[in-house]
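For clarity, chains are labelled A, B and C in written order, and residue numbers in each chain start from 1.
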Amino acid sequence: MNSQLSRRSMLAAGAAGLAAGNLVEFACGQPTPAAEGVQHPTVITPNGTSLPWTTEDGCKTFHLVAEPVKREFAPGMVVDCWGYNGQTPGPTIEAVEGDRVRIYVTNKLPEPTTVHWHGIILPNGMDGVGGLTQPHIQPGETYRYEFDLKQHGTHMYHPHSDEMIQMALGMQGFFIIHPKSNDEQPVDRQFCIFLQEWFVPPGASRPNPMVMTDFNLFTFNSRVWPGTEPLVVRRGQRLRLSFANLSMDSHPMHFHGHRGWLTGTDGDRLPRSAWWPVATVNVPPGTTRDVEFVADNLGDWPLHCHKNHHAMNPMAHDFPNMIGVDQAGVEEKVRAVLPGYMAMGGNGMGMTGHMHHELPKNTLPMMTGEGPFGPIEMGGMFTVLKVREGIETFNDPGWYKHPEGTVAQKV
Amino acid sequence: MNSQLSRRSMLAAGAAGLAAGNLVEFACGQPTPAAEGVQHPTVITPNGTSLPWTTEDGCKTFHLVAEPVKREFAPGMVVDCWGYNGQTPGPTIEAVEGDRVRIYVTNKLPEPTTVHWHGIILPNGMDGVGGLTQPHIQPGETYRYEFDLKQHGTHMYHPHSDEMIQMALGMQGFFIIHPKSNDEQPVDRQFCIFLQEWFVPPGASRPNPMVMTDFNLFTFNSRVWPGTEPLVVRRGQRLRLSFANLSMDSHPMHFHGHRGWLTGTDGDRLPRSAWWPVATVNVPPGTTRDVEFVADNLGDWPLHCHKNHHAMNPMAHDFPNMIGVDQAGVEEKVRAVLPGYMAMGGNGMGMTGHMHHELPKNTLPMMTGEGPFGPIEMGGMFTVLKVREGIETFNDPGWYKHPEGTVAQKV
Amino acid sequence: MNSQLSRRSMLAAGAAGLAAGNLVEFACGQPTPAAEGVQHPTVITPNGTSLPWTTEDGCKTFHLVAEPVKREFAPGMVVDCWGYNGQTPGPTIEAVEGDRVRIYVTNKLPEPTTVHWHGIILPNGMDGVGGLTQPHIQPGETYRYEFDLKQHGTHMYHPHSDEMIQMALGMQGFFIIHPKSNDEQPVDRQFCIFLQEWFVPPGASRPNPMVMTDFNLFTFNSRVWPGTEPLVVRRGQRLRLSFANLSMDSHPMHFHGHRGWLTGTDGDRLPRSAWWPVATVNVPPGTTRDVEFVADNLGDWPLHCHKNHHAMNPMAHDFPNMIGVDQAGVEEKVRAVLPGYMAMGGNGMGMTGHMHHELPKNTLPMMTGEGPFGPIEMGGMFTVLKVREGIETFNDPGWYKHPEGTVAQKV
């Protein structure tokens, strides 16, 4: 649905707001082409898409439409966000070092905006800082940016106009620049994951962008577990996990079963001598981090934020502490003053995450997701890396079938 | 007391819950043996112990018992935690690269649990993720994990079942894997320090695991200064400080008097070319950090978190701001509405940390600890590295005796 | 004004409190001399100064006076801080590897203090830890510190006595040690920026140092945008941006238009092989970070914290969420209960930052600063790097004049 929306949105905006350029080619959804003998990874934006492009006056040409977006964070919860082309995060821009890119930005928001190309070296007037390097783009207007790509790496785009509000509502996207020559170790699959946090009051659908520290929803590409797509790879493929963060907190991303190498930041690729081995990569606000490894260990491996509240859903963070308390009869009494109150947690919270009774409207339970061995007591910033032998397609292969005798067992 | 508890707890659980294995050897408390010609550091877990092990079917065999634990954070304050083998953090597991380890986990908690071996490369079914890679371990059950150690470094173990709650209550421990061959610069002493934060309401003994940002106790191995053991070394010894963090915040660990090198993460040892020189190493959640240096500077050197509130005890964080206010007569008036109120802070807080009058029950004063030159106005995540000439034993040597003329002096 | 204050303050304290030394030379405000053939960068402390020094008994001799300081954060807001020599942060100390330094510290605060030389390797008794390595310096007393500088890099000084309070009120400064031989890539200009956060209640002038997480003012060298000095450089100059942080939060510093290299920490300079390329450098509490690059891209380039609330002023963080709400008539009604309430934000916040009507006394609007293309909707930790062709002086050159056709434009 989102990619349909995106396409329609883009074409409509194109018809309405753009001067006619010299449209040569419409390679919608195609990967960005590599020079002969050069291999680019397949770029996957889980629960999202890459941005289609055309060629215009020799430029690789993109069109971003800033607009309100309704986003389903997980089944049962829809949030009123702002984004680009019907999506939050906006679609991933892919290009190649040496390209000249032209990017149209149409503002369909109720207030001015701009787009800043974070980490990209370009002429000052293309930097997208409202008031400082260009006028703010008023509602209804379309602006044109154009610059040469002189570097490669994992970058971002986002507003630099009322930015505290606009980023908190979901306006951000990846800008991936592929190298013009091969890396020493070419990557097969690159997964692009934006790390986000929100405060959506229980029962509401509009995030509160004034909140500075006490968030209650933590998302990968504006989705929470179990609404997050799994990352599917064939055993032996080399992966790049690209993380981007424009939230208020660092997010330490932990992946199971493999040792990775930190190979890049929003300042481009690290020299090989400077790589760090990592099982958890900390991603500070305003940065990107690339981690690479060969997926050589079969199975279903969690990938999640290791701030424990960030791998939970909203009910976790504002709850009375009942551990060790006998709550018999409490529920009815409390409901007299606090409708919907659930007595729980007397023995810990593990068994309560799945109780869905009487949650506020448009609110997710704390922990959800059923696995092959029972409840997976997680939420928020959590997904599963699925490494499989010999697969040729990358649809969700279901749960891993463990070889006999390789699972921890009761004695 | 804790190590006694641990021993008894382990033996009891072993008798009650385990199928009889082939117990060959009981090397309780012994360091893990090194191959001929290979030197392993002495591993010290301040205010804690390493986990005894046996040999069973050729496996180095450990037994963890998940259970409620009463922990004295400092004299005057006992906290109702959850941990392993009577301890929080759980005892440190030590093994050697190439070992096959077998680990029994008995659940004596009132809710299910599992154990995840963080950063360790192993078969998917041994990864310890409840619901995803194994069933949750129900109360009263014992599970067996078994895997080969293919790497070395500073890793962790912790639950992956109701993990927000269980980790917040103290369930975590180190898993140190020694290399099978010597490092280029062998280390003499390795100190393992878990960085933790808690919210214990004033007067209470049970931490509230729902708290996400506003903690009031910050601990090294579930102890606060002045309850933290000093780190004692002989001048010229090479140290490794190993830090682990499963809390919600990064903790920047600052050590005085020496320049260290960041040599490892939970993704294993850094190549020499990638080491960073550090006086403060930031330890994000979900990670470990190793710092190494030769202790060549005699004296008593603070080692502490450099988030200033984290090197304080609870009274610091929720206190009215009285700097510059004349409070004569205020105390009695406020006590009418707020029993136990202390008028203080009119000239700063430095002189008030030691006033112990009428603190709530089971609550520590903000700053405590008397040094050789007066009050050391610290608390929380603070300890002292004591570097001494020519010592052979490592009991607390008392305060450093400064050579004449080497102390800052009044003019 | 501040540097005048500083000078007077120092001389007065010198006359009143010091034993007469052998004053040889008074090189006030001069850069620290380099050995023949060695080039040191010009050190700039924006909105601040370096500390004058004299020579006494062969020592490079400095004098710090700890005292209350009134600091203008930006026009319209004066804050009651504590600092050194009339400034917050205190003046930057500059010396050269191999120097023997002598530093007098006079305490004019209403409570005891000490000074710790963070990251510097020195004798234990000179470490400045009150109670542990020396007596606290009582009000009215002057202490003498003296030690050899055996390293070079970007270090700090700050109290280690009631440190939570004293640092939160602004007591901190840079301690720059230049190398005795040339770096492989000599730097032309080094900018020293302290990253700070404060909670000043609306309408008040005294920061509340008990606040642990919910700050409302975020400063560069105790100034907020648009009160922050621009960083002015000639195209082709090599820069070092030195950041220091003694606050409670990490601050990710993002600079536009250039790729930098992370070259140093408070543990000294990184080996070349370990440098990271960065567009944003995360600066954790208790650390310094050096970033270097050649300023080869002409223009006006933002330099700011990328935690979005930290590049805003106080009105941003405690404001009702009105996005999408029709507020006609609301303002008058709310003012009946909340005087001074402003109905705003129904279409985002971008247009409201400049409304200055009826703010509380001594309180800054959320976003301020007018640029060449309209309002620059920022505040707090924000300044502008101005790269100009062929300039010889470094006063503010005004806004950049863009070559024709190089600015994003409306289509």
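Rule of thumb we're sticking to: contacts are C-beta pairs under 8 Å (C-beta built on N, C-alpha and C of every residue); 3 or more make two chains touch, one makes a residue touch a chain.
On a predicted model such as this, the values are computed, not experimentally measured, just so you know.
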item: Rotation angle superposing chain B onto its copy chain C by C-alpha atoms, nearest 5 degrees; value: 120
item: Copies chain A and chain C touch via same or different residues, half shared test; value: different
item: Where chain A and chain C are represented by their mean Cα positions, the distance between them in whole Å; value: 34
item: Multi-chain contact residues (two or more partners), chain A; value: 213, 250, 273-274
item: Footprint of chain B on chain C - complex, ascending; value: 17-19, 80, 104, 109-114, 116, 118-119, 121-137, 141-145, 151, 160-169, 206, 208-210, 212-213, 246, 248, 250, 265-271, 273-274, 284-287
item: Interface residues, chain C side, partner chain A - complex; value: 213-214, 250, 252, 254, 256-261, 273-280, 282, 297-302, 305-309, 311-312, 316-321, 323-324, 345, 347-351, 353, 369-377, 384, 400, 402, 406-411
